[in-house]
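The next part holds the structures, each set out as structure tokens.
Next, two complexes with subunit A in common: one pairs it with subunit B, the other with subunit C.
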Partner chain A sequence: MSYTSAIYLAIFLPVTLIAYQLTPKKHRGKILIGASAVFFWSLSKWLIVYLAGAIVVTHYTAIGIERAREAAFDATPDEIELRQEKSKKILRLGILLVLGTLVVLKYTNFTFMNVTQLLRSFGSSIVYKPHRILVPIGISFYTLESIGYLLDVHWGKVKAIQSLEKTALFLGFFPKLMEGPICQYSDLEGTLFNNEPLQFENLKRGMLRIFWGMFKKIVIADRLAIIVNSIYSNYSDYHGGMILFAAVGYTMQLYMEFSGVMDIVIGTAELFGIKMPENFRQPFFAKNATEFWQRWHISLGKWLKSYVFYPVSVSKTVKKWNQFGRKKIGKFWTRVGTSALALFPVWLINGLWHGPFWNYIFYGMYYFTLLLIEVSIEPTWKKWMKKIHVDMKAGWYRAGQTVKLLCIVFTGEMFFRAPGLKAGFTMFGNLFKDFSLAPIFNGALEHYGLERMDLNVVVWGIIIVFVFDILKEKNKLSYEEFNKLALPVRWSAYYALILAVIILGAYGEGYQAIDLIYAGF
Partner chain B sequence: MEELIEILNDIDDSIDYENETGLIDNHILDSFGIITLVSEIEEAFNVSIDVADMVPENFNSADAIYAMIQKKAN
Partner chain C sequence: MKRNLKKGTAFLLILAAILFVVSEFINKSYSCNQDMVGDRSKNVVALEKERKDSIDMLIVGDSETYTTLSPMKFWDQCGITSFVGGQSGQQLSEAYNVFQKGIERQSPKLVLIETNMFYRKTNKSTKAMNAVQEFGNKYFSVFNHHSIWKKLVCNRGIKPVQSYKGFLIKTQVASYEGNGYMRRCHGDKRINSNAKSYVEKIVRKCKSRGIDVVFYSAPSPKNYNYEKHRALKAYAKRLGVKYVDLNMKQKILKIDWKRDTIDRGDHLNIAGAEKVSNYMIKYVSENYKLPDHRNDPSYSEWNKLAANYNKEEQLSISRIMAMNTGRQTGTKNGKRSNN
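For the complex of A and B:
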């Protein structure tokens, strides 16, 4: 059962909503937990024990940390230090357990395969046969949530949750299980546990968002998936324009799918009056790669910023570097060094988090290099532009920035999607061989499983989404503004959206159900 | 406060620090600006900023940053 399946939308959600509403307020949380358990079970069966284990470990670790910390306030300095050390020990144990589980399940084969390969290059004859290890759905997401929460309790940013039921709901709430967003506790504590009754306004708002997400996912992304998969699985046969099409097509597929599923997830939570953080903010309107990552998969970026980037940037090592740099090498190189020290672990983790494959690690290092270059040259660049009187807000300048950003993003996603790092480099090399855009426009695309009508639906669908993105970027499109429109206009929009999903959705005969991309991470 | 505004202007002089109250919430100051700011503050005011201080409320305005510095100095 995934978020776009008929069973989720037509049975699971309505039954959960009715059961939630019929249950007395103080027990509604249990309904949401029960629904989350059913949802998880439908995808990962007995692997639910891993989620249950993570919930129990997170819950009692947080309480242990808080107890150690609280006692410190009216104690002597020595005692404070002792108790802070104790809090740190409990924190380390908790993180070791939840992170250890993720590492063992997800990275064992990758580690052993690479170690044996390295040993073989030194003459060893060891052979490692990869084991089939079952990984529970969403482990990469709830593990980060657990670690973030434990660190927040340790730093005194949030209070430990005292009820196991609430911890279970925080980590296991079904709408975010498969693809996030990766929530910090402070994102959810205001609405997740309120158990408010269903309200017509929330239901309307949530359903509208769900259908908008469905439109992006099953009308656009699932169609694009057919042609994109076809090119990537025979990547060595293509060059020039077709490789460019594959890179652009996959980026569009990923954006439509991931942001569409986020609309479904956030919309589902809204049905229950629960507010979830946004995961996308019109990413293609960013000025550079740094800003792109503040708008694309926001929750992962925010997590890495809060729990890796900032902690590293105020660590003793970086502080020592700053002191040394100021005296010996000047402000500019000190800044570059500080940024490199804080950015490197962020992008290494970002790459590895997506999965145990070298192309993901390359993807992380690709953005590490680009962001480091951007942050290093930005101040000097701005000064030059000012000197030669270039208006950095002018249309032509912004257009240039967008073209540069698109080249960066398309190239990154090509390596990300490629079946292996070697394949990524082959595709990148082939991009420049016999370059021609003719195959895209001469009807050749119709030989990859999509008819002309399908291609038209994809193109017009993408145009509609980007028009809405432009309106959102200019603050001209919000639910509140939409609600002010005349009744016939609003209902026409509802019907148009619902009919578009039902009539144009890529499901049924001739289409295969497409798995959610981020659920695989 | 003057010294702080000078540091902030050194990072980005196109921002009205006297009146801006959403440096973080409105995505005006990015994470690289923040880590540069933290390093400059530590040097200029002889304080030590730790990870628990790295919250948006402490960096949303020049006043909030100054209040954090004073708190750390005491």
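For the complex of A and C:
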């Protein structure tokens, strides 16, 4: 059962809504937990014990941390230090348990395979046979949420949740189980536990968002997946324009799918009156790679910023480097060094978080390098532009920035989607061989499992989504404004969207259900 | 609150009305032109259009059905009217649906169930999903046939395929090189429990209506082995249903796996289907008394269709023979063709 399946939309969601509404207010949380358990079970069966374990560990670790900290307030300085140490120890143990589970389940094979390969290059004859390790759905998402929450409690930013039921709901709330967003406790605490009755306004708003997400996912992304998968699975046969098409196509597929699923997720939460943080904010309108990551998979970027970037930036190592740098190597290189020290772990974790594959690590390092370059040269660049009187807000300059950003993003996604790092480099090399755009326009694309009419739907679908993105970027599109329109206009828009999903959706005969990309991470 | 409830209900009723109208439009479109229906649903739609109470034998199953049993041969040799309601990758839930449709307008005396779908993987959520989809498809055909818009907008997508009461003539050849795939062993390959529930529903319904049921396994090295044979035989015995495993009749059928398969032992071509059909005609006529309609004027269209079929069958088989001869002598005609 995934968010776009008929059973989720036609059975699971309505039944959960009805049960939620009919249950007395104080027990509604239990309905959401029950629904989350059913949802998780439908995808990962008995692996639900890992989620249950993470909930219990997170809950009691947070309480332990808080108790250790609270006791420290009325104690002597020595006792305070002792208590803080205790709090740290509890935190470390909690993180070790939740993170350790993720690492063991996801990275054991990768680590042993690479270590044995390294040893073999030194003449060892050890052979490691990868084991089949079952990984529960959403483990990468709820593990980060758990770590973030424990750190927040340790830093005194939030109070520990005293009810196990609430911790279970925070980590296991079904709409965000498969693909996030990765929520911080402060994102949800305002609405997640209110157990408010269903509101007609929330239902309308949520359903509209769900169908908009469905449009992006099953009308556009699932069609693109057919052609993209076909090219990537035989990547060495293609060059030039087809590789470019694969890179652009995959980026569009990923954007339509991931942002579409986020619309469904946020829309589902809205049905229950729960506000979830946005995960996308028109990413292709960013000026550079740094801004792109403030608009693309926002919750991951925010998590890495809060729990990796900031702690590293204020760490003793960075402070020492700053002191050393200012004296010895000057302001510019000190800044570059500081940025490198703080950004490197961020992007290494970003790459590794996506999965135990070298192309993901390369993807992280690719953005690390680009962002470091941007951070390092930005002040100097601005000075130069000012000197030669270039208006950095001019249309032509913005267009140039967009082209540069698109090249960066398409290249990154090409490596990200490639079946391995070697394949990524092969594709990158093939991109410049016999470059021609003719195969894209001469009808050759119709041989990859999509008819011309399907391709037209993809193109028009993308245009529609980008028109809406432009309107949103210019603050000319909001639900509130839409809600002010006359009822026949609004209802016509609803019916048009629903019919577009039902009629144009790439489901049923002639299509295969496409798994959610980020659910695999 | 009441106002909102009224509004919500009105919205849903209008939506249902729109879906109903669109579904009716789709139904009309393909009743005018059957080629508009997607390949997978063609047999089901065609079955619905058969003259009431004109079919005596119904065949359900996946692609192994329409590549093995030819209703035209049944007609030609003993005047039995049969129809293949098979679909590519048919799930048992779908087979049940086809069976239901079959007995709504027809009064079959015999139902043949091809067993390959007994092993199609389904989990509980797939089962529930199928049930939801079936419900949607039953009342709003827009869910099932929504892709018809492509054929309505652009006629390029319409590819007429000649179907002979659900059977498709396949002429490709891609040899199966293995041998002895039904080697005896002791294990049983467990039948999917979700599949069982649908099979038993069909069997129960047939028994209550006095319809005979036969399980049959089409010859297919890719899909069958002795473990499945043992499990299917025991299952049929438990249900009190006759079971014909054609994989165990290799010597009688004389399937030439170098020539009679279209995809290396998954499906049969017309040359293989002819052998299987001949065997099953003999089996059915010896075990069941189904009426001979050949002299009944109301079935005259069957004679016309059979005449066309015979011509096409002969032509196709001779083409396969020529291809095979070409391969043996190493000529250009021997080029393998894939489905």
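Keep in mind that, in the parts below, the second predicted complex is superposed on the first by the 521 of 521 C-alpha atoms of A that agree within 3 Å, B and C clash if a C-alpha of one lies under 4 Å from a C-alpha of the other, contacts with A are read in each partner's own complex, and residues count from 1 in each chain.
Basically, a contact is a pair of C-beta atoms (placed from the backbone, for glycine too) under 8 Å apart; a residue touches a chain by one contact, two chains touch by 3 or more.
Please read all numbers here as calculations on a predicted model, not as lab measurements.
A.B. asks: Kindly say whether there is room for both subunit B and subunit C on subunit A in the superposition, answering fit or clash.
C.D. replies: fit
A.B. asks: Under the stated touch criterion, which partner chain does A:W155 make contact with: subunit B (first), subunit C (second), both, or neither?
C.D. replies: first
A.B. asks: Touch check for A:Y310: first (subunit B), second (subunit C), both, or neither?
C.D. replies: After superposition on chain A, A:Y310 lies in contact with subunit B alone.
A.B. asks: Once chain A of both complexes is superposed, is A:L499 in touch with subunit B (first), subunit C (second), both, or neither?
C.D. replies: In the superposed model, A:L499 contacts subunit C only, not subunit B.
A.B. asks: Considering only C-alpha centres, what angle arises at subunit A between the directions to subunit B and subunit C, nearest 10 degrees?
C.D. replies: Seen from the centre of subunit A, the opening angle is 170 degrees.
A.B. asks: Please work out whether A:M453 is in contact with subunit B alone, subunit C alone, both, or neither, and reply first, second, both or neither.
C.D. replies: Touch status of A:M453: second partner only.
A.B. asks: With both complexes overlaid on chain A, does A:A6 touch subunit B (first), subunit C (second), both or neither?
C.D. replies: The answer is second: A:A6 touches subunit C but not subunit B.
A.B. asks: Is A:I388 touching the first partner subunit B, the second partner subunit C, both, or neither of them?
C.D. replies: neither
A.B. asks: Check the residue A:S42 against both partner chains and state whether it touches subunit B (first), subunit C (second), both, or neither.
C.D. replies: second
A.B. asks: Going by the contact rule set out at the top, does A:N322 touch subunit B (first), subunit C (second), both, or neither?
C.D. replies: After superposition on chain A, A:N322 lies in contact with subunit B alone.
A.B. asks: Minimum C-alpha distance between subunit B and subunit C after superposition, to be given in whole Å.
C.D. replies: Closest C-alpha pair between subunit B and subunit C: 36 Å.
A.B. asks: In the complex of these two chains, what residues of subunit A are touching subunit B?
C.D. replies: So the residues of subunit A in touch with subunit B come to 155-157, 290-291, 294, 305-306, 309-311, 313-314, 319, 322, 326, 334-335, 338-339, 342, 375.
A.B. asks: In the complex, go through subunit C and note every residue touching subunit A.
C.D. replies: 1, 4, 7-8, 11, 14-15, 18-19, 22, 38-41, 124-125, 128-129, 132-133, 136, 142-147, 149-150, 153-154, 156-157
A.B. asks: Once bound in the complex, which stretches of subunit A touch subunit C?
C.D. replies: Subunit A reaches subunit C through residues 1, 5-7, 10-11, 42, 200, 203, 451-454, 491, 494-495, 498-499, 502-505, 508-510.
A.B. asks: Quick check on the complex: what are the subunit B residues that touch subunit A?
C.D. replies: 27, 30-32, 34-36, 38-39, 42-43, 48-55
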